[in-house]
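Note that subunit A is present in both complexes that follow, paired respectively with subunit B and with subunit C.
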Partner chain A sequence: MRRSAVFNTVATIAVSLLFGAAVVAFMGHSPLEAYRELLKGAFWGRFNFGGTLERFVPLLLTALAFAVSSKVAVFNVGVEGELYLGAIAAAWVGVAAAGLPMVFHIPLCLVVAMIAGSLWAAIPGALKACWRVNEVCVTILANYVAIYITSYLVGYPLSAGTGVPQTKALTATARLARILPPSRANVGLFIALAALLFTWWLVHRSTWGYRMRAVGDNPGYAEHVGIRARSTMIWGMMISGALGGLAGAIEVMGIYGYFLDNFSPGIAFDGMLAALIARNDIRLVPLLAFFLAALKAGALGMERFTGIPKSLVDAIIAMFILLAAMEGLFLLRRRAKGKEA
Partner chain B sequence: MFDDLSLVFNYTLVHATLRASTPILYATLTCILTQQADILNIGVEGIMLCGAFMAVTVSYFSGSWLLALAAAVLVGTAISAVMAVAHLRYKADIFVVGMAINMLALAVTRFLLQKVLGTSGSFYDKAIVPLPRIHLAFTDGNEILRSLFSDYSLFEPLGIVFVFLLWWLLYRTVWGLRLRSVGLNPLAAETAGIPVFRKKFEVMLYSGVVGGMAGAYLSLGYSRLFAENMTNGRGFMGVAAMFFGGGDPIRSWIGCLIFGFTDSVGSRLQSLGLPPQFILMIPYVATIAVLALALARKTANERRARSALK
Partner chain C sequence: MTEPIVTMEAIVKNFPNVRAVDGGRFDLWSGEVHALIGENGAGKSTMMKTLYGLYEPEEGRITVRGRTFETLTPTEAIALGIGMVHQEFMLVRELTVLENVILGFEPRKGGGRIDFDEAEARVRRFVDDYGLHIRLHKKVNEISVGEAQRVEIIKALYRGADILILDEPTAVLTPQETSRLFEILRTLKADGKSIVFITHKLREVMALSDRVTVMRQGRHIATLEASATSIPELARLMVGRDVFLGVQPSNRHGSGEPVLTVEDIYVPGDKELSKLRGVSLELRRGEVLGVAGIDGNGQSELVEAIAGLRPVEKGRILLQGREIQNRTPLEVRAAGLAHIPEDRNQRGLNRSMSIEENLIATVFRKRPLSLGPMLVPAALRRFAERLIAAFDIRPPRPEVAVANLSGGNAQKVVVAREIDADADVLLAAQPTRGVDVGSIENIRRELVRACEKGTAILLVSADLEEILSLSDRIAVMYEGKITGFLEAGEADEETLGLFMTGGAVRA
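And then the complex of A and B:
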């Protein structure tokens, strides 16, 4: 089963890339050159590789957030909202707590952002756990509410007073250091990787994680052996929300240096897709997040040097996701062939 | 202060509300159709966007809004057919399929905007023929009557007709009964001899038709241009309105009107320099509250019923 799943993923990638190549060729460009520029744009040189890394961090964290909540059988589509709230919380602490030394200021920002995200995620979690309210629709709606809240905060109480709705710049003690200048990649990468390891440990090696997985797999069984399914579900959502908030905080503290109204073009939705393709397997999540980040970063280089619009790469990614979601697509073919033989 | 409020709340709000709610209404109808067969059609956003692009392109090149509408419907149906094959035949999670379709639509329309229409951002041209507007000559003398009743785009009153038509189809015809039984209990439906797979596929195609119309209205009725990501979450608002009404067309329409109302009020407040965000939040918060209260009551009832039996 494992091997066929790998085969399925590889076949899916190949088909989507071939499709992209066909479109590029149809447009009168050389597909080989386009893909070479894509690779160069993702990995060649500090700036390009940094670009991949800076996209990798939020994708990884939001994908993790989605994967964790799915362990307790909650479909958390609200990571985008948690990301926004975490981002504005970090931006607020980054300005308001000026004067703290860096060793306290940065953790404080991160913790406040994670609390903001987790409290927000607790609402749909509690609604689902207590009253079985469909979490997908609550979280979709909650995203809009969260974005409007941040939009109000950045437009009025926390506004920097400039024409563009944004907060004041964070003090230097709340900034995450850049690791590959001139790109915007920053030490948030290591925070994200630490979060990945911790989450993996939490879910697969700790008692808490056992409870979470038990509740996710079979709430009836979990309740029977004395696990409190409801509170476990809410805790799972809160961990997920904390990861989303962390992603937002790193965006603000590492990439922008301030909170900008509507800054995220659906980062968490990309992360969610990475988690979905990985089938919420925490070991596969970083690989797919990295793959998507590289494609997104490389697309910019490809557009610059070949004139092929980067939207083509987005289309290829979407195709890939669509094909990857169709479980049986390549497997069935093979089984049919096997029968004939 | 009261002067400001009368600028926000006056008779022109009726027209503005109807106009702003119509794109959401079509998105909602798209969702309701599939939701009744227990398929959450998250891909409305993508279907609408492709429909909107197709409508503008065809209208620009052919100069006919009828052709444009037909093309948009065709594209919508094609996309929903792909979704149906992926979900029903190859067992893909409908949620993933929908999100992928949204992403694909955004990328493809951006790509084609650049390659076919030769611009990026947005495309506007005098040669784009919009959907016809209904002008009622007898209202010309009276400003208030004209605002209330005249100058609607064809698809605005038609949307209201569709609401009642769909309600009738769902709750008063055999077709609707079968469709709802497929959604409520597929196993029972199968046992009763209803072809579940075919029924689901069929309704996906119909939702594509409505989704395509939604797109055509958005680009040729609501506005007269195509812009990147011009749906801007309206598909999701449609999903929200569908949840608000619990899949019932009439109650969902009320949800759409609330969306349209808050949207119009919000944009007026913003032009006066007042924060519009809290007004804009209302429909979302209201939908969550409606859902939570409905289910809270249901669980409480179930609990009471259970304890009575024991």
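And then the complex of A and C:
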């Protein structure tokens, strides 16, 4: 079963790339050349490979955030808002706590960002757990609220006072070191990988994760065996929010060096796609996050050198999602056909 | 009548990792009741689902009325006059009985409208002919289980079935409803319908059927005339060895001090307030108190109220002298209670988790299974393997998902977890419902053993035989009250039946 899941993912990737090739050929370009440029754009040289990595980090973290909340049966569309709040919190600490040595300053920024994200995520979690308010509606709307809050903060109290709506630059003690200059890839990569390992351990090897999965799969069962469904759901959401906040912090501390109004082009939604395609399997999440990151990074190079619009990559991703969803359908059908004895 | 109406030969059906049916054989004569028996997982349902076209067999032939098929689709099966009443009812709860019956086969009148008058007239004919007694305009979610089953039967008849397959029809019925069902089936038979009756209750086989086919581990074992066999012989054929179902209460003494006292409690049901109205009982150390009653007379509410899963409006519940009403399930468990819930899929198990993860559900917080927040895989594995061996859970692999277990083995997981808690009081609600004979024997033996070790057991069961064979005392519930207490010696099915229908109220 495990092996077939990996196989399915790889096969799905292959078919959607073939589909992309057909589209390229139809437009009168050479598919081979397009993919060569795409690959080069994603992996060739420090700058390009770094570009893939810098996209990989927030995708991985936001995908993890989504996957974790799904373990407690919450469909958390609000990771984008958590990312924004985490980002502005990190920016605030990064500027305001100047003078701290780096070993304290960086962790402090990260922790405050995670707290901001988790508190924000606790709201829809509590609404759902206690009053059964639909979390999808709440989190979608909460995204707007969160983004406007950051817009206000960056426009007034935290503004750098220049014409651009951005905060002051973080002090050097709050910056994450670059690892592949001239790209913006940074040590946030290692923080993200550590978060991946921790999340896997948390979900599959800790008593907390055990409770989360028990509640998410069958709340009636959880109640029966004495696991509190409500509080478990709420702090499941808070862990999810913390991961979203962490993603935002790394963007600010590693990529930009300040908080810029509206800086995220929907990173968390791409992360959500990665998690959905991986069916929230934490072991598959990094694979898909990396694949999406490489496609997005490579698309720039492809457009530059072949003239094929980079939105081709979006078509490939869409195809990929369609195939993944179909695979889910087949699975359902097979289950309906071949269940029980 | 020289040819059977249905012949199935050399049927093979594989599921992932399992050969469910391996050379299955079955034939049905016109106008007979043919019982198909076997333990859970013996392949009975699978055999019949291939006949009804739900499964495609890998090998074998199916001949219906002289036409031979390799595989059937449900549409073909229905066209051939085959109807099936499934174990789980396939009804739309929000529609009325009538709408459910005609669904997909609605008589039409002009403009694509459904001709409800015509439909009702047609359905009414079946209702009257076979004494099915259902209310056509009730919504399905308002009718009882027995009535829903009759709806399923009418649905099959309405679609033209004269070969009727019933998959464990009595698993959900009270004794009264069961005898009513048997009446209906006899009428159908007298009318020339052929009936396949899947079950593992041997007394029903003897009461109703003309012939019996026994399956074991996917294989055809024997086909016998019912009049020429006996319950012990059938049990031996099913299990493959001799079995004893009536566990004899050994040196038990129900005279210990009371461990659980229920004092005049009022408890709401799902749809009404005060479904339980003034229930009191006392459970003593080392005894089994059976609670008999027709399903839906408040037994479930009583158990859930004690377990902390349902609020108590009024009254007290004392466990070892401490009040436990309106506490959380966790607190109630900590006070010394374990609970085998009546529905293993809704409450008892997390089907997507493994056997191991289900077994540790109430103890994972303790050392050595976990250290702080850290689960200790090796300790979990040892714990699970011990219970798997002690309760003979098959397959004996802790990592297998519970969804892949047979009903009997899934239930053993629940029973193992709850008995191993070594609680002062064990609530056992329908501990052997929908479970095969071998597992029933096993589960009952474990209950008795727990009782001998000092656990007091409150046993709620729809199976009177189970109540009678395990209990020291029996309480009968009727309409939210206890209508009588009987000592095990003075109870038999008849007296119990009388109390269960409110016939002899002596409180």
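We adopt the following convention: the second predicted complex is superposed on the first by the 317 of 341 C-alpha atoms of A that agree within 3 Å, B and C clash if a C-alpha of one lies under 4 Å from a C-alpha of the other, contacts with A are read in each partner's own complex, and residues count from 1 in each chain.
What we mean here is this: a residue touches a chain if its C-beta (ideal position, glycine included) is under 8 Å from a C-beta of that chain, and two chains touch if they have at least 3 such contacts.
Fair warning: this is a prediction, and the values are worked out from it, not measured in the lab.
**Q** Per the contact definition in the header, classify A:318: touching subunit B only (first), subunit C only (second), both, or neither.
**A** Only subunit B; A:318 stays clear of subunit C.
**Q** Output check: A:272 vs subunit B and subunit C. Expected answer is one of first, second, both, neither. What do you get?
**A** A:272: touches subunit B, not subunit C.
**Q** Quick check for you: in the superposed arrangement, does A:144 touch first (subunit B), second (subunit C), both or neither?
**A** first
**Q** Of the two partner chains, subunit B (first) and subunit C (second), which one does A:220 touch, if any: first, second, both, or neither?
**A** A:220 contacts subunit C only, not subunit B.
**Q** Between subunit B and subunit C, pick out the one touching the greater number of residues of subunit A.
**A** Answer, by number of touched residues of subunit A: B.
**Q** Based on the superposed arrangement, let me know which partner A:283 touches: subunit B (first), subunit C (second), both, or neither?
**A** neither
**Q** Which subunit A residues contact subunit B in one complex and subunit C in the other?
**A** No residue of subunit A touches both subunit B and subunit C.
**Q** Using the touch rule from the top, collect the residues of subunit B that touch subunit A in their complex.
**A** 40, 82, 86, 90-93, 95-97, 99-101, 103-104, 106-108, 110-111, 114-115, 233, 236, 239-240, 243, 275, 277-278, 280-281, 284-285, 287-288, 291-292, 295-296, 298-299
**Q** So in the complex, the part of subunit A that touches subunit B is made up of which residues?
**A** 27, 75, 127, 130-134, 136-138, 140-142, 144-145, 148-149, 151-152, 155-156, 269, 272-273, 276, 309, 311-315, 317-319, 321-322, 325-329, 332
**Q** In their complex, what parts of subunit A are in touch with subunit C?
**A** 205-208, 210, 213-214, 217-218, 220-228, 337-338, 340-341
**Q** For the complex, give me every residue of subunit C touching subunit A.
**A** Per the stated touch rule, the residues are 15-16, 18, 20, 40-41, 43, 45-46, 54-55, 307, 309, 328-330, 333, 339, 341, 346-353, 357, 360-362, 364-365, 370, 373-375, 377, 406.
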